[in-house]
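Listed after this line are the structures, all set down as structure tokens.
You will see two complexes here that share subunit A, one where it goes with subunit B and one where it goes with subunit C.
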Partner chain A sequence: MSRSVSVVILAAVLTIGFVGTIEGRRGFALSAQEKMSTMEVKIDNFSFGPVTLTVPVGTMVTWTNRDDIPHTVVSTDDSKTFKSKVLDTDEKFSFTFSKAGTYPYFCSIHPKMTGKVIVQ
Partner chain B sequence: MSEKKKDELLNDHNHDGVDRRGFLKCMAWAGTGAFCVMKGGVLNSYSLSRLSEMNTADMMGALSFVQISDSHMGFNKPANPDVAGTLKAAVDKINGLSAAPEFMLHTGDISHLSKPEEFDTVDQILKGAAPKDVFYVPGEHDVLNDDGKQFLERYGKGSKGAGWYSFEKKGVHFIGLVNVMNLKAGGLGTLGHDQLEWLEDDVKHLKHSTPIVVFAHIPLWSVYPEWGWGTDDSAQALAYLKKFGSVTVLNGHIHQTMQKVEGNVTFHTAASTAFPQPAPGKADSPGPMKVPAEQLKSVLGITNVNYIQGKHALAVVDSSLA
Partner chain C sequence: MHPFDIKTVVFAKHAQHVVLIHFPIALFIIGVLFDFLAQWKKQRLLAAAAYYNMLVAAIATIPVVVTGILAWQWELEGQKLKGILLMHLVMGCLSSLLICTVWFIHMRTRRKQEEILPGYRLPIEAVAVVIVALTGHLGGFLSGVNGPG
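Let's look at the complex of A and B:
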């Protein structure tokens, strides 16, 4: 009697655990897809945040300048993949990464400001 | 070895007669209304309240000119919503100087976003200044989007490369340098190989006794590299100027006055006419600093430089717009 109750409880725990895992995975997959379309880099206090951003292939990254001073976003890889125009306060620049690789970039006005996008 | 001993050795070694304590006092006053006078290699500092004690002959040089910097026309953020108004106040200040300056130097960031109308507004306001000649070097804000093409068209007639040049006034050799082009990721200001070669050649045939004034936007000394306040290859430029008895380096970019003496070289940065920036490392970033509106003019300013022929000395005087 007490043994069969334990089995039932164990089965129930396993089932809940299993369902929980499936749900968790589905949730993860959804949010990753959402991020794929709108990854953000904020420019605050003369720095890029996050400094290093890792994204899947096909992601569009948008930089927003939140400083009172203009900045640029210019890649420094050999083929100079992207280059924004000058971004004044609250202006944005977007680029879609279609190839895997590491894309270092900087602000060509304030070269101490550097960042990196890793596309996997 | 204690800090004091190091200083004593340094002074002794250079035989430059610079009194370090006087220099530090000068540094402490910079930004609050002070001026420093180089005379026979000796730097003296005075507060503005002691102006009247100065000998008039010391103030009225054989050559007098004014440096203005960082007018950032087009900037309209809370740190100064009226940069045209403060530039006009700078012009009023210049027109009120007791010894009329012969010309002006603008050490860059004329505009905020390199827009034609921003340059036009500055040109218009500066027409109201008594000195009619203005010599410019670009700041990084003046060469946005077009690698400095517009700047060269407007201000670079007769200049070399990205806008560098030299000229003579009453025996003083002036050199305008450009250190805001082709900046490298992670680096500071850059002069570049071509400009350095030109500089070496430009000063080669000058007598060692010729007073030299170098002006450029970004400081040619390491003010605060963490904020990009320095020039990567400035040491090479200064090496070419080593033989001269008197070298005065005038910069802008950091929107505050600062001075440093190294041997025969006096480095000086001018205040902005637009908005102040924080002291090195005293804020999260070098961005515009908001001060109460009634204090704004006290942290903006102009720099007046006087040269007395035969005295081997240039007097650099900062005054605020207040």
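Let's look at the complex of A and C:
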């Protein structure tokens, strides 16, 4: 009786350990992937930097307003693929590009400010 | 884009606001200057010049307010404003109200055919010039006049 209980406990411990190890590895792999697929565009001095950003499919691009002036990030295509609210200083806007293509965008308050995301 | 293309002008959206705003600002400030000079020099001609400047300034505030609100509705989809944009909107409305008030004071005096304009108009005009200047400063800051934008 006590031997079978010990075997069950040992099996449970081994299973928990195994599952924990796999999940841990998966978690590490996910966080590494997330880090790989996040890019940043800075808005400063009435311009986007970098002006043209090339990223792989599935990348999340984050725009951060480092300017003293409010700005927006709006895609120029008719369907307005992405459109931020007005971003005050240090506010962020993120969008994940799930399809390949070229995505030009601009600031709707300052139409001279333009940028482009190329998704490959 | 061609600068004289009618589509460019009509569909310029909030760019029209940035252009039109200069008319009431210039006309009103010059109108107030003429009025102060008329008060100092006691000249009717200057008072008349002040009145007509203020009349056109008051008329010019209408398209400015309309295009400003349209810019908010079209470009920003009427989203809740905050910070400089909100301050610019509030002060812009206040400026328009003050410009129209000052013109109304002048118009009422002329309509009653009174010789002397009420003295209280001068501090109102002075405050209005300050508010208009501050609103214009905020607008310039927003549009990036002081930067490469």
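Throughout what follows, the second predicted complex is superposed on the first by the 84 of 120 C-alpha atoms of A that agree within 3 Å, B and C clash if a C-alpha of one lies under 4 Å from a C-alpha of the other, contacts with A are read in each partner's own complex, and residues count from 1 in each chain.
To be clear about the criterion, a contact is a pair of C-beta atoms (placed from the backbone, for glycine too) under 8 Å apart; a residue touches a chain by one contact, two chains touch by 3 or more.
Note that this is a predicted model, so its numbers are computed, not measured.
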Using the superposition on subunit A, decide if subunit B and subunit C clash or fit.
clash
Comparing subunit C with subunit B, which touches more residues belonging to subunit A?
B
Determine, under the contact definition given at the top, whether A:86 touches first (subunit B), second (subunit C), both, or neither.
both
In the overlay, answer first, second, both or neither for which of subunit B and subunit C A:109 touches.
both
According to the stated criteria, A:76 is in contact with first (subunit B), second (subunit C), both, or neither; which is it?
first
In the combined picture, which part of subunit B sits where subunit C already is, 59-67, 239-247 or 257-265?
59-67
Intersection of subunit A interface sets (partners subunit B, subunit C)
45-47, 69-70, 72, 85-86, 88, 108-112
Applying the document's contact rule, which stretches of subunit A touch subunit C when the two form their complex?
45-47, 69-70, 72, 85-86, 88, 108-113
Per the touch rule, the subunit A residues reaching subunit B in their complex are 45-47, 67-70, 72, 76, 85-86, 88-89, 104-106, 108-112, 114
Complex interface listing, subunit B residues touching subunit A:
77-79, 112-114, 140-141, 144-145, 183-188, 225-228, 284-288
In the complex, go through subunit C and note every residue touching subunit A.
14-15, 75-76, 79, 81-85, 141-144, 147-149
